[in-house]
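The two complexes that follow have chain A in common; it is paired with chain B in the first and with chain C in the second.
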Partner chain A sequence: MSEGRGALKLLLKNRLTLAGAAVVLALALVALAAPWLAPNPAQALGRPDMGNQFRPPGPGNWLGTDDLGRDLLSRIIYGTRISLHMGTLVILLAMAIGVPLGAIAGYAGGVADEVVMRLTDVFLGFPPLLLALAVASLLGPGLANALVAIAITWWPWYTRLVRAQVLSLRETAFVEAARSLGAGHGRIVFRHLLPNSLSPVIVQASMDVGYAILTAAALSFIGLGAQPPAPEWGLMVATGRKYFMQYWWYATFPGLAVFVTVLAFNLFGDGLRDVLDPRTRRQ
Partner chain B sequence: MRAYLVRRLLLGVLVLLGVSVITFTLARIVPSDPAALWVGPRARPDQVARARAELGLDQPLHVQYARYVGKFVQGDWGVSLRTRRPVLDDVKVFFPSSLELVTVALGLSVVAGIPFGVMSATRRDRWPDHLSRLFAISGVSMPLFWLGLLLQLVFFRTLRWLPVGGRMATEVRLLHPLEPVTGFNLLDAALAGNWPALTSSAVHLILPAATLAYASLALVTRMTRAAVLEVLAQDFIRTARAMGLPERRVLYRHALKNAVIPTLTVVGLSFGYLMAGTFLVEVIFNWPGLGSYMVAAIIAVDYPAIMGVTFLVATAYVLINLAVDLLQAVIDPRVRLG
Partner chain C sequence: MTVRSGSLFRRPSLRWTAVGLAVLLALSLVACRRPPQQAAPETGTEPARKLIATYAILSDMTEWDPSITFDQTSFAMLNIYEPLVWFNPPGSRETFTPALAERWEVAPDGMSWTFYLRKGVKFHNGEPFTSEAVKLYVDRTMELNQGAAFIWGAVEAVETPDDHTVVFRLAYPAPMDLVVSAGYGTYIPCPESLKRPDAAEWFARGNACGTGPYRLARWTPGEEVVMERFDDYWGGWQPGQFDLAVIKIVPEWSTQRQMLEAGEIDVTRAVPVEEMDALKANPNLVVRVDPGFQNLLALYNTARKPLDDRLVRQALSHALDYETIIREVRRGLAEQSQGPVPRGIWGHDDQLPMATFDLRKASDLLARAGYPGGGFKLTISYETGDEHERKVAELWKAALAQIGVELEIIAQPWGVRWDRQRNPDTAFDVFLFYWWPTYITPHDWLFSMFHSEEDPFFNLGYYKNPEFDALIDEANALTGRDRERAAELFRRAQAILVEDAAAAFVYDQSSVTAHTRTLKGYVDNPAYPNTVFFYQLRRGN
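Moving on to the complex of A and B:
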């Protein structure tokens, strides 16, 4: 009885993880095939169609049209490209800053470790989103600035993660062996320590993509990220909000796209962590 | 205990100093010239130069920083470029309003989150537990600005049950004005016995607070669940059960008490999420708080206001986390050793 229930639990849990993975995969395909999938690529990229404004969802415009008569479905499909792009680039940039710093802190120890760790304390001392908001507002609106702003708030997590990994590996036999063979610090860090600390970093990164997408959409919603006529989801919700009480579909569908995308990444990441990290596996 | 306290306090001060350095550096790398912003677009070059000297922008950076911090601690946070009023005065008006929203949201998420978490733990791996997991992951995946809009659509436009935004109905504000004492409308109205203002404030709080509470409700639920599960597996619980205590008593008197500490941490953490979340929620619900002020400042590149709000919210965050850590050390002697 309890074993059957355990298997059912695993299946159910895996099912959610699988669903997440499937949606992520589908989104990647949609992003790649956007020009073929979108009913109206020109409108997706911004060409207005006056006289066709605020069409409710129906044949021809399955998700309706916006204030400039553009097909919302096409724009949401193209928006997948922007969101996935932002999500991955933010995480890559955060890793590019965080991973080397973590390796230095963990390997060198002493003063370097203390300085780097206190630096992460300072950055993590901000509530999430607030620092990104402040940085983005002072850098000025734009996707590239939003990207930098979010990455600046996110790197300390990678630093801490890598540092912990390197600390635990530093005194192991294979590192000792490399050292006794005369390997220099650079070689030990980059050839031995980092490759062996990367798998938890990659798991973490795959979970963080959803967060990065959500934050990018929030910045765009406030007006700090993508600028019109970009088919960015957060920006579309912000514009659609002005007409929301009459034309509910305009803000509803782009927001739903954000929610489904982030949910998929989180479900996938949550399951991935359970599978790969036995310590957090549910009892 | 004292060594721990000192270390924690020093770290808090260090973080605040770091926060001030970051905000200061940011304001100095603004692409636009603050002096030009200050005198306006039609100023002559010599006026800009004078403004630059007046604002101290011609001094070396470290002198500027020292001056900025010196003035800051004396309560001179600069003048907003947008409202042309001292930033501190603006913030004094808007901060309590945001704090009221955050407090109610946090209260909601604790009051609902702890029972949800206990239920999820005691019915582990049955449908309430799965539901709570899905609910929790949805909570952290939800764009708050979108959830707010959906709630407006349902409760304002379709059902007509609740107001679309604002802090109080206009006619109530005019006919039954509220004297700000605490800045919390609910408290002020209750203290003054102002019944119409109290009900109007409460009704206006429901949607924004519910929107804001959703994300942290998820966190509190999951954390309570994990903590209760961990405690339930321990020996003293088995002893309590073996002694024949009723399950309800075991759960609420023994297990929950020991599960409070991790939950407390998550409440502290949630405060940060909520404080940042208000920025989005306030915009949606037209709530006259720090978030609306910040977003208006962002649009106007009003850097003294942006710096002031950033510093204030970061300070509140650091202090709350500090308080939570210290409270933990008081409740749980094991923490002090760590």
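Moving on to the complex of A and C:
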């Protein structure tokens, strides 16, 4: 309890972290309440309104309209859903693959460790965006495929992280004690090792959501992610940039949305690390 | 308790965010980048002030082999090389302008064509132009069988009875006057270049040797092609014509626009329809709209349910809001297509019915086909980055949703979607597709996209109709001898396609050219799309 309160105090003390957390929370609320917040849900989901294209920001269309006359604010609000959805799912999927593999590698050691670690080396050997791009173009365009592609490039980070944690915990006294009391491998890994390895994973995950969103937006930007008429931010930037000279708002606002979201997740994750990491806390 | 694994946490967080965002922003803000100031291209040799014209294009030259070129490299090639005959732009009094051939005739049976060549023509290397050059080139092109080599498909033998006569002996009657005026596969190079043992490599390095008004001076990949005037050109030179013709590769439209407005380039053809009005407002520029020979079609996959049913295809064609597309998407720079062959091409039928936007009718047709209220899903493919195709797809999707048909839109680069479409298992239901001719005959459209094929190449809707095949085969054989009769048969074939709704015929598009006001003499010729003929241009006031 007292530890929790200390963490909260630390969170509150760091204004940037707090701002990040507030924005993340706000984004989640916007995503949930999109149908009520968006002035024009039908347009957000793609219905064109020809004759109304490229209206500048102003009353009626607070962020202007796009090249098919749709309300940009509505589309950006709905885009929050796609981005958060992508960000969290990518990380969950990456963790689902990465965490158990890391635990196995760290706990079993030997051949299993070698195999898993060399595998992560292979994946980490490619620049992440490039690998995601290659996988996504193999799978074909689409949000689901982009999700898989990004997760495939992401899991090795969690594997390495968890393995390192498990390695250092494996020989500690409490694990020794559990083992001498007759606990099986499964119990040791899942009841003792993993729970105690999770806080860096959570920190990593909270920061990675931002990157995942950015990568998803990048894939959509080059046409490998969301397909029209999805209100995906990266896709909107990609389309809008062609009209940038005359209609600045089309690319700018979705771009800002990506910027703010990624920044918020990063600030939040950075702060979370400071809180959960005992060494920085002692300072 | 927790131990930090240093290496992982050193994965720089904010920095990479910043880099990522910078990339995203840079991509979106690329429009703001000012191009580096380019000095006028220097040639070094002559001291006099040279007249220079510059044409900006979006993508670089690829293939300099005159037997193989089949893309934008032709923009340079058509200034450096010449065909036997030019095809004139629509509205001209004559169909053809003699180029390297002065006159020609066809045998009564249509099985041989004789071209009488121009005398006193020199190649850039000083060699005289003779029938040998034509034979060498055509034989080589057929042998390599790449690019547009198929246009020579009817030719059985090229004969050279004397230095200035060429006879094409044919395997079947083909319209050789149209073939020799094609935009690709017709550029006659000097025999010396073709006789080189390393001819292919020599061309590939960016060399050329033709009879055209300009010779290739320099190609800097990714940057520019510089061509200088060929003093011995048979057409002669008038004061005011350009000494240097430059094609600049500028991949971003926004950069092109800035260069045009700053007078760094003279011509561009990449004007997005949305920016036409803004350019028109600039007193230093001329913006012109010309009819084109390119049209947009949506090929229906006639081999797969539910589009194997003509009624469903007709329903889809009635769910396209042609008027809105032309007014809002093309900003008026198009006309709804009347059948597959665009206006301005001989053999076009101005009596063909055109589909109207009528959702009730579409819904009725679906019900008659056994799909009351729709209830099925279709995929539509368009090319990544083509905003016109995308908007057509999005408008179609919204309209179809109202009659219970779900349309899934998929964007892919050309190579990928073409591969997918050619495989019946991975093909999309609807394939958005532009067509423009290699040479000017309705057969080009009708055969390429609708003649039955074993292995689909461009018949990407898997259309198969023996009656149609027979009609266009016969019409093509007649084209060389009796163009009137051929046109009539081609019109009957088009009526079949329209009745059958083999595709949605979306629009015939016009093209936009923006050039500086001081550039005079620009003539658009859609038979050679996007080609600027520098020889016709002058600098004025």
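The rule is simple: the second predicted complex is superposed on the first by the 264 of 283 C-alpha atoms of A that agree within 3 Å, B and C clash if a C-alpha of one lies under 4 Å from a C-alpha of the other, contacts with A are read in each partner's own complex, and residues count from 1 in each chain.
Going forward, a contact is a pair of C-beta atoms (placed from the backbone, for glycine too) under 8 Å apart; a residue touches a chain by one contact, two chains touch by 3 or more.
Just so you know, these numbers come straight off a predicted model, no measurement behind them.
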Using the overlay on chain A, decide if chain B and chain C clash or can fit next to each other. clash
Could you look at A:231 and tell me whether it touches chain B, chain C, both or neither (first, second, both, neither)? neither
Go through the superposed model and pick first if A:47 touches only chain B, second if only chain C, both, or neither. second
Tell me which partner A:271 touches in the superposition: chain B (first), chain C (second), both or neither. neither
Applying the touch criterion given at the start, work out whether A:160 contacts chain B, chain C, both or neither, answering first, second, both or neither. second
One more residue to check, A:106. First (chain B), second (chain C), both or neither? neither
For A:263, using the defined touch cut-off, is the partner it touches chain B, chain C, both, or neither? Pick first, second, both or neither. both
Would you check which partner chain A:243 touches, where first means chain B only, second means chain C only, and both and neither mean what they say? second
Could you tell me if A:64 is touching chain B, chain C, both of them or neither one (first, second, both, neither)? neither
State whether A:218 touches chain B only (first), chain C only (second), both chains, or neither. both
Please report the chain A residues shared by its interface with chain B and its interface with chain C. 137, 140, 210, 214, 217-218, 221, 223, 234, 237, 241, 244-245, 251-252, 255, 258-259, 262-263, 266, 270
Within their complex, state which residues of chain A touch chain C. 46-48, 50-51, 53-54, 67-68, 137, 140-142, 157, 160-161, 164-165, 168-169, 196-197, 199-200, 204, 207, 210-211, 214-215, 217-218, 221, 223, 227-229, 234, 237, 239-246, 251-252, 255, 258-259, 262-263, 266, 269-270, 273, 276-279
Which residues, counting only chain C, touch chain A once they are in their complex? 1-5, 7-9, 11, 13-14, 16-17, 20-21, 23-25, 27-32, 253-254, 257, 272, 274-275, 278, 321, 324, 327-328, 384-385, 387, 390-391, 393-395, 397-398, 408-413, 416
Seen from chain A, its contact residues with chain B in the complex are 5-6, 9, 12, 16, 118-119, 121-123, 125-131, 133-135, 137-140, 210, 214, 217-218, 221-224, 234, 237-238, 241, 244-245, 248, 251-252, 255-256, 258-259, 262-263, 265-267, 270, 283
Within the complex, which stretch of chain B touches chain A? 11, 14-16, 18-19, 22-23, 26-27, 29-31, 125, 130, 133-134, 137-138, 140-146, 149-150, 152-153, 157, 229, 233, 271-273, 275-277, 279-280, 283-284, 294-295, 297-299, 301, 303, 306-307, 310, 313-314, 317-318
